[in-house]
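Each remark here refers to the structure printed beneath this line.
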Amino acid sequence: MLRVLDLDESVKFYTDVMGLKETGRDASGRVYFKTHDERDHNSFIIRKADTAGLDCFAFKVLNNATLDELEGKLKDFGVTTERVPAGEMLETGERVRFKLPTEHVIELYAEKTDVGNGLGYTNPEAWLPDTKGINPIRMDHCLIYGPDIDANKKLFEEVLGFTLVERVKLEDGTTDLATWLTCSAKAHDIAMVRHGEPGKLHHVSFLLQSWEQVLRAADIMSMNRVSIDIGPTRHGVTRGTTIYFFDPSGNRLETFCGGYDFYPDMHPTTWTWDEVGAGVFYHDRKLNERFLTVVT
Amino acid sequence: MLRVLDLDESVKFYTDVMGLKETGRDASGRVYFKTHDERDHNSFIIRKADTAGLDCFAFKVLNNATLDELEGKLKDFGVTTERVPAGEMLETGERVRFKLPTEHVIELYAEKTDVGNGLGYTNPEAWLPDTKGINPIRMDHCLIYGPDIDANKKLFEEVLGFTLVERVKLEDGTTDLATWLTCSAKAHDIAMVRHGEPGKLHHVSFLLQSWEQVLRAADIMSMNRVSIDIGPTRHGVTRGTTIYFFDPSGNRLETFCGGYDFYPDMHPTTWTWDEVGAGVFYHDRKLNERFLTVVT
Amino acid sequence: MLRVLDLDESVKFYTDVMGLKETGRDASGRVYFKTHDERDHNSFIIRKADTAGLDCFAFKVLNNATLDELEGKLKDFGVTTERVPAGEMLETGERVRFKLPTEHVIELYAEKTDVGNGLGYTNPEAWLPDTKGINPIRMDHCLIYGPDIDANKKLFEEVLGFTLVERVKLEDGTTDLATWLTCSAKAHDIAMVRHGEPGKLHHVSFLLQSWEQVLRAADIMSMNRVSIDIGPTRHGVTRGTTIYFFDPSGNRLETFCGGYDFYPDMHPTTWTWDEVGAGVFYHDRKLNERFLTVVT
Amino acid sequence: MLRVLDLDESVKFYTDVMGLKETGRDASGRVYFKTHDERDHNSFIIRKADTAGLDCFAFKVLNNATLDELEGKLKDFGVTTERVPAGEMLETGERVRFKLPTEHVIELYAEKTDVGNGLGYTNPEAWLPDTKGINPIRMDHCLIYGPDIDANKKLFEEVLGFTLVERVKLEDGTTDLATWLTCSAKAHDIAMVRHGEPGKLHHVSFLLQSWEQVLRAADIMSMNRVSIDIGPTRHGVTRGTTIYFFDPSGNRLETFCGGYDFYPDMHPTTWTWDEVGAGVFYHDRKLNERFLTVVT
């Protein structure tokens, strides 16, 4: 859930340029979106606020038993949790809310209405025609910025069952500047960068299907005068291809494509400080000035 | 593990045309391969025999505790299991072997030596230059043919934790002609088609990275006079793109690319008998005569 | 200009599935189309008739002086020409009409109104959003069937300044089964196959931009239940990638992509009879039964 | 023909990274290259010098009669021409050399030995396996910098038969900052930018086949620590996709891909000064600081 400065402008951007599908609005002013290909009622939500940034990031768990079990584990780990009742968000079951050590709000939930991707579950066509804009496959991951990412990592690994996929070390060769963690076969489901200020968002990422779709996305951004931070290019980390760009409120978004599949038996990859540039932007092999400084 | 008729010819084919990397041979005559990008010592093995076909198909499990647990569950389910000692296969730990109701041999193992993909785990480049041939990313799945695929499905779901992703129904609207099952976020880790004769192989599939790599693979097949069954085309099932082709012994192989990611909360897709053609070959919307008849 | 059996169905097909833009209709019942990216008022025309097939194929020449000069050369070569007055076709200048030795009608013209591609000639965007269907870049070439293709070739080379790019030889090693000719840097602007019946059309071809667009085109054909003859695949001749398919009247169309650029100093390529399969369908390396028999 | 600072390092770069094929060296120290797919003996030549830059850029003409005719026209236009005898360059016929008003040396020639692309002219495969590096299709064009580009344009149009394809206007709305000219169906065969110093080179460009090959090229540059100026991105001018990068001597090179086909009846496109950024780098819509300043 993202905060935006102007709701109408943002709805127009996420609908016409990003090509998401608006699926509803609630009494508190939240606007709900899904990608056309996602099946659950919503995966991305915006609300008007005075400052841009991330309200919370959520993970769906297998079922309510898992939700209870994970809440128990969180409490055992010393984390304060809160239950948000079913229905507080449209078409969404009860949620367990808690704060990461970096002060980001995370939610877990087990139920969200399956509204389908418009193709049906019997003899579906391969894709939905007549969509607009960039039209990503799914909301994919986010990259958060905050101080104690070591404590975050410990919580994700020991409580939520995530696995470390890649990391960047600081100059001391020991401290993590950044870590990429997965709870699936994706190269990352969440990533975090060490940063002075807590609760910050670097980007929310949407998945594209091919490098040609990346070019098409960059073209659509240009046609719509969207501010591109960098890209199309490739990350060394995950090998994925990327464009970083900004929504009208200054929230950084990413179109991500590719990246290898990760299995829990795989050895994590480490990037040393002298090669952090190649890790982040593989072609230029150097960071641009905005990567470590511009967050919302 | 596949049986081939001529070992030298097959090694040459899998090395030069498929672009696999030979990683070893053992005293029993087995030749071990991995794709260049795979990290484990081997994922694909051939041995000389009088008839082509599948010796066994194996799944790696998380650790030895999981191996023990799954063996226990198999026995509880009434399946006879056998332990094959560590080292019987090169760089491979102890294996649990059992037969599916369709008489295919399946193996589970927890340990295989990580030999890496040649890029290292520190500051790796994005891919390995100077490879040969088709060079797939990984061995991906297989499609097996046999009589009681319902019993197979029950075993995979109830004992091994697989989930049904897609199915094709026969004319009666009830009986499954074919099922696709996953134990990951892949659209399928194994698939099966109802067939009179037990223990048959339809194809072993290798993953490619992009549709352009599919074209390149078809070109390489043509240059090397490889017999193409069908493709490049798209499957309706999984949405993946495909080429079916034959190794020198007549074993059908596939290059597979794309296909959606599957999560266990997703509703399975059903193809009805009248649309089975579109399910299998999305562009032609009809089966070719070989799909249901040519197996090894 | 193609003949179709049902005008409404055909307009719907060429608009919604092919993604052409209708630019006008005239009193004689002709419906005019261009691709979205073409700049001239029309490049493809259909009219209702009792049989499908090709009314004529036309080439634009540099200017009216060139039109006069080529008409003079045609007459000197013994060809009867006819002038069709400006305006007989919408937004089109005077045309010189003549018959090839294979009895196909060819027209030359110098003037057609530039209506633009919708992007303007000042600071254009890279492409036009919100188009429908396959949306090819341009009408590209046609392949005609008829008896005396040697006389055709002589006329195209000696009078109209075309160059031979590729040819397929019959079993005798001498006679041309087929020839591909160009008047530009394209691998072919017209092609012809030796065939008993005169005046026949094998296909009209439309250019696509990338192999991914070829996949998308095949998907759109499937969604719209368009009958695909063969493809996606590659031609050995020209190296281009292709789908052959049929319009609702049974006229074969092609989406063509790639193919090398040809310059007049380049040596032509010859395909021998035993490799004609690879020349036409590079992956399968054999002709399908329809290639030499189904024409309109 | 380019000047390089270190011949061995440059040969290694053009062979291993660019993937050109060295075809010979001559007594004067020139090293000759072609792309693997080009058929003529050479298209790109380097020689050791104290400064990087362009010795000359050459165009092949249809035959010796055309060479004579063009030399006559050049003289009539007031241009001093020089004949360089056949054989002065390896496998190359007589050349006509002259200086452009911007002081760049241009050569015309009619004869260069056809050494083929390794596939033969009978039943060729679709492409050559076992090549190295970026492996472009052909040397495509160059962009030169110098003062009087208006006089250049006049010469190319009126004497050599080129056509204006695109132009960028300066703030006055009248003066050309840059022009793109073609003598084929390519979007440009030469381009020029107004610049204080004469005889300067902005870049030499090599053609790639697809946007995926552009990504692969950028990856190869990163692996080989090649300095990338910008890209992968798209030009607004020509619509082509691009990477600008530097050879070891600091000569800027480009991999170019796509771009529309141009016919002489097409209206040229104009970019106004306020949109020059989008014209040059379509995604960023702004020039990088190096575009107008770094030349050799």
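Of note:
Chains here go by letter, A, B, C and D, matching the order in which they are written, and residues are numbered from 1 within each.
Rule of thumb we're sticking to: a contact is a pair of C-beta atoms (placed from the backbone, for glycine too) under 8 Å apart; a residue touches a chain by one contact, two chains touch by 3 or more.
What you see is a predicted model, and the numbers here were worked out from it, not measured in a lab.
With every chain reduced to the mean of its CA atoms, the largest distance from chain B is reached by D.
When the C-beta contacts at C-D and at A-C are tallied, the pair with the greater total is C-D. Computed from the mean C-alpha positions, the centre of chain B lies at a distance of 43 Å from the centre of chain C. Computed centre separation for the pair chain A/chain C is 48 angstrom, with centres defined by C-alpha atoms. For the pair chain C and chain D, the distance between mean C-alpha positions equals 32 Å. Within chain A, contacts with two or more other chains are made by residues 126-127, 210-212, 219, 222, 234, 278, 282. On chain A, the positions that touch chain D within their shared complex are 211-212, 215, 218-219, 221-222, 225, 228, 231-234, 241, 278, 282-285. Listed in rising order, the residues of chain A touching chain C in the complex are 125-127, 129-130, 132, 210, 212, 219-220, 222-223. Chain C makes touch with chain D in their complex at residues 37, 39, 60, 62, 114, 121-124, 126-127, 137-138, 184-186, 209-211, 234, 236, 239, 258, 260-261, 263-272, 275, 278-279, 282.
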